[in-house]
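Can you keep this structure in mind? I'll have questions shortly.
Chain IDs A, B, C and D follow the sequence of writing; residue 1 opens each chain.
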Amino acid sequence: MDLLAFAKGPALQVAAYIFVAGTIWRIVGIVLLKEKVDYSEPRKSAGLMAALKVIYTRSFTASPFKRATLYPKMLAYVQHLGLFAVIFLFVPHIMFFKGFLGFDWPGLPNNIIYLLGVASVVASIALLVRRLTSPVLKLISNFDDYFSWFVTVLPLVTGLMIPVRMGLRYEDILAVHVLSVVLLMIWFPFGKLGHAFLVFVTRGTTGMVFERRGAKT
Amino acid sequence: MKKRPTVGEILQAKGVSRRGFLKYCATTASILALPPAMIPRIAEAIENARRPSVIWLSFQECTGCTESLTRSASPTVEGLIFDAISLDYHHTLQAAAGDQAEAARHAAMEENDGQYLVLVDGSIPLGNPGFSTIAGISNVDMLKETVAGAAAVVAIGSCAAFGGIPGADPNPTGAVSVMDLVTDKPVINVPGCPPIPMVMTAVLTQFLTFGQLPELDKHGRPLAFYGQTIHDRCYRRPFYEQGKFAETFDDEGARAGWCLYKLGCKGPTTYNACATAKWNSGTSFPIEAGHPCLGCSEPNFWDGGGFYEPLSTGRFDSGAKLAGAAGIGVALGVAAAAAGRSKQAKFTKEG
Amino acid sequence: MTTPQETTAPAFPFHGNVRPLLNEVMHALDRLLETDVPTTIDLASLPFGPGELEHLEATLGAGELSAKLDALGTSRIRETAFPGVWWLEHRNAHDEVVGRYLEITRTPEILSSQDADIVAGRARLGDQFE
Amino acid sequence: MTTVDGRHELDREAERLAYKPPEIRHDKQGDMASEERINQAMHHFVKNFNTQTASYLDGCLHCGMCADACHFHVRTDDPRYTPIWKIELFKRTYKRQVGPFAFFYRLLGLKRHVSIEDLEEWQHLLYDSCTVCGRCSLVCPMGIDIAGLVSMARHGMFKAGLVPHELHETAKTSAETGSPLGITPEKFEERVEWMADEHDVEIPMNVEQADVLAVMSSIEINKYPQSIAATAKILNAAGESWTFRTDGFEATNFGMLSGNAEWQKKASMKLIDAAVKIGAKTLVLPECGHAYMALRWMGANMYGKPLPFKVMHISEYLADALNTGKIKVKKVDKSLTYHDPCQVSRRGGATQAARDVIKHLGVDFREMEYGGDYNWCCGGGGGVITIKRADPLRHRVFKLKMDQVEKTEADELVSSCANCRQSFDDSQQHFNWDYTMGSLMEMVAENLEEGNS
């Protein structure tokens, strides 16, 4: 079995098991802790809509904080939108998803994807530089932050190397790319990357708690 | 050992003019994928090259490779090359049969000991020697015997190079490739199902012209022909970058000649010269004809996923196992939460 | 029942090989004029899409001179509309194309009489007087 | 023209060549061994982890944006004042003890066990440098309510006996006497009688049955007693059947601020029991921010079921009374700016009430830049005002508030929180500042239309 077949087969398979099991483990482990019951008289009824509202509104910065957080926010936007486009709008990736979802959706031209991918890498590097130089971030960062950065950027870089090639063989870089995704999937549920699904829980919770009080969300 | 005539002498004897010879050299350079600037060197080399002896062994194969080669046999330029080699044994093409044929093989081996080329098509069964025999000799024995005194071995076609269809899962005959058995001689793989005729002749021409083996890639294939992917040399490549794909075989995109990636094209991971050398005397090649590349010149292409399955498709087991993983996730989550809660209960009691 | 569909004529030849090739030819002409070095381009090594080769041929057009060579099948050697740019097409005995080249030179080498052939010809002429 | 860098105080009095870094004081209560303190802190951190807190503690990205929302960090640039860092020990305990992967964290030693030195250091971060104002909760891209987590982390600190002394003593006095300032029921009754005489207003006391139970904060009773009279004037004018009670008059809740859950419950239950006893339909809270959080949003949870009466902040009561025409006010011809108490506006959801009242007063209202929900805190909330050693830091932080107020160029400054008022008064004195903090309720009381009651 060559490296690509190993990456696309058993490696990806095991990564998928770990990804699914780990994600569910984490969510269930949190959700099944004791629930906080609130008997206070609500000012407003706040259910799912409040949760959805905040899930949406927290994607944008409230005006008082705009100036102070402009730089990291812009970088984070570029990083995240780039990642989104690269993962979900690159045609070969869509084909990958179609392989097990059974349906596909329109993608973007590869040239645009490469551009977005590069932008995402550049933004990620800028964010890392910020993390390594800002006194606040230096203090609060831990292994998870750096390792998660690494496993996120690695597939981007290896993916972008496929069209560039640099003397390497297509199937070898592709195999390394798939293996980097395997690493990402394995780490995903356990570290801070879990925010990709926890963001709905945290924002939603805050939305319901504070909307209930009629307070600013 | 009698002295074989040089190629120059053979051509002269056939009454080929110098202009004809120059034309022949230009075509040879083209076949060898060498730049036209190399033509004078080729001319010099060919004039002085001596006619080598070739023994062709056919094992578990479909004769497709021989068919492919003979497509371009008769008095063509490539044909001339075959005039220039001495094909001393080929049980499909030769007139002799039985003991006579075997005697010819042994004679050629003795006469050219250490200098002849062995060409093999088909894979070799190790499961049971009786699965494939020639003149009562098992394939593996014949290969070992013949290769012993050879200068080099050329594995023609994907079966000889990588095991091919006989070697595909579940490999009932225990088929292996030439490479698997011959480890003490140079082995050149010329895979493809079948290989491009010009590529086969080119490898022989290279040996004939320069008396040396070509530079090989990690799968033992001559880099001159297997150095670039179909994808990299494909005229439809710009459509790939622009995101223009044929979705089905009869949609607008297919008619407009867009990229066949979504229809399972293995071009990106397939190393071969189809996109430039083309087939049927340079008429076309599968992608130009509207069909995705199957990746036939790659190891294990038969087991490498469906022909119409896009390259990026992951190879997953059934969803049941994934559901199992989800179940384990639920169990671990419940256990973790229960452990957390019991710790809280304990701490509450302890105060 | 299928309805006859309008055929979408492929937008030929838009695969992008012709322009860079013409650019290369232009540079080869410069080289020929400045340093007297000829250039040969093997068209078989380029991944032409359908119709592209025809497009190239049409773009280069036909010039003043055209020759036919009979040796191991016919070959056509003709100057294109751009002096110094020659189109060579070798065919085998079955009239199948076995090679196509662009030569950027004053006279393609193959048009010149070759010494070996002159020697052989001279010998044959000598035979007439014996 | 040169300007003074706002981050660093211009200090002409500092001694030259004699700079000594201030000694950080770690206060300890009781004589527990360090091990026991660690144990207690951990136990009482752990008790707080529910689905909500767990998702918050699991969801942090370490993006550090909360630092930009925190007045302590903005004014000092000290990275330790990054809000999420203040709950680092709480978070670490969660990951080690209760999180979904706690087993691995312990097995592989991925998260260090909390040490006594850690706890001592975090006393400063959890108390001195956090007013639980919740501004950080609004900037967090994950929507994590960091302020709420600080309050919970204080539970562990209290049990470990690691609370700043003054705050601990204030809370203890409050638990023992019913008032953080030691105001006994008798003293309260005395004060009420005095105010009734002084302001010539009828003040019902210990009525057996009333629709409205009014309560006061000790700060008001002690420092701003005119508030008692103002409250009475307003409730009388509105024609309410109301009363003060000696068995439930103290609105402040230092159990909550210091992190003692039992004391918090005890204080809240006093008010709830009194209201239930007289069959009150409404309990009107005084101008006090944290009292609103304690009773309006946490009271029912102490009670264990929904409260049988409504809880209103006085600003909400005023807005309601003015909107429905129960009381009327004269127009006030002044410009005015309003300081939002964090627990009432940002965290309590009653931001609009004060603005309704101000509208009825007809003043030239000048909203501060990013006022309302994004208001800068006075710096004294969350019990910080009681911690003497935190004064220099608190004064430094107050600069932000001063700038915000000064920019409005308003004639008058009012708020609806006695704790803010106290904090403003103290800082005013420290800086010799021009603005004196007033009370919105008192302004209403002073401008009530006659013949209303």
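Criterion: contacts are C-beta pairs under 8 Å (C-beta built on N, C-alpha and C of every residue); 3 or more make two chains touch, one makes a residue touch a chain.
Since this is a predicted model, take the numbers as computed values, not measurements.
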### Chain labels contacting subunit A and also subunit C
B
### Message
When contacts are scored as defined above, which chain pair ends up with more C-beta pairs, A-B or B-C?
### Response
A-B
## Note on the structure
The chain whose C-alpha centroid lies farthest from that of subunit A is chain C
### Message
Please identify the chain lying most centrally, where each chain is represented by the average of its Cα atoms.
### Response
A
### Task
Just give me the whole-number Å value for how far the CA centre of subunit A lies from that of subunit B.
42
### Distance between chain centroids, defined by C-alpha means - subunit C, subunit D (Å)
90
### Message
Between subunit B and subunit C, what distance separates the C-alpha centroids? Give it in angstrom.
### Response
31
### Mean-CA-position distance for subunit D and subunit A (Å)
37
## Note on the structure
Check: subunit D positions touching at least 2 other chains come out as 49, 98-101
## Note on the structure
Expected list for subunit C, residues touching two or more other chains, is none
### Touching two or more other chains - residue numbers and ranges from subunit A
25-26, 28-34
### Task
Chain pairs that touch, all of them, please.
A-B, A-D, B-C, B-D
### Query
Where on subunit D does subunit B make contact in their complex?
42-44, 46-47, 49, 97-103
### Message
Quick check: in the complex, which residue numbers of subunit C touch subunit B?
### Response
7-8, 10-11, 15-17, 40-42, 44-50, 52, 69, 71-73, 75, 90, 92-94, 96-99, 101, 109-110, 114-117
### Message
Applying the document's contact rule, which stretches of subunit D touch subunit A when the two form their complex?
### Response
49-52, 54-56, 58-65, 67-69, 73, 77, 79-80, 82, 84-85, 88, 98-101, 137-145, 296-301, 303-307, 310-311, 345-351, 370, 372-374
### Complex contacts: residues of subunit A adjacent to subunit D
25-26, 28-41, 43, 54, 58-59, 61-65, 68-69, 72-73, 76, 134-142, 144-145, 190, 192, 194-195, 198-199, 201-207, 209-210, 213-217
### Summary
The residues of subunit B that touch subunit C in their complex are 16-20, 22-24, 26-27, 29-30, 33, 35-37, 39, 74-77, 80, 233-236, 238, 252, 255-257, 275-277, 281-282, 288
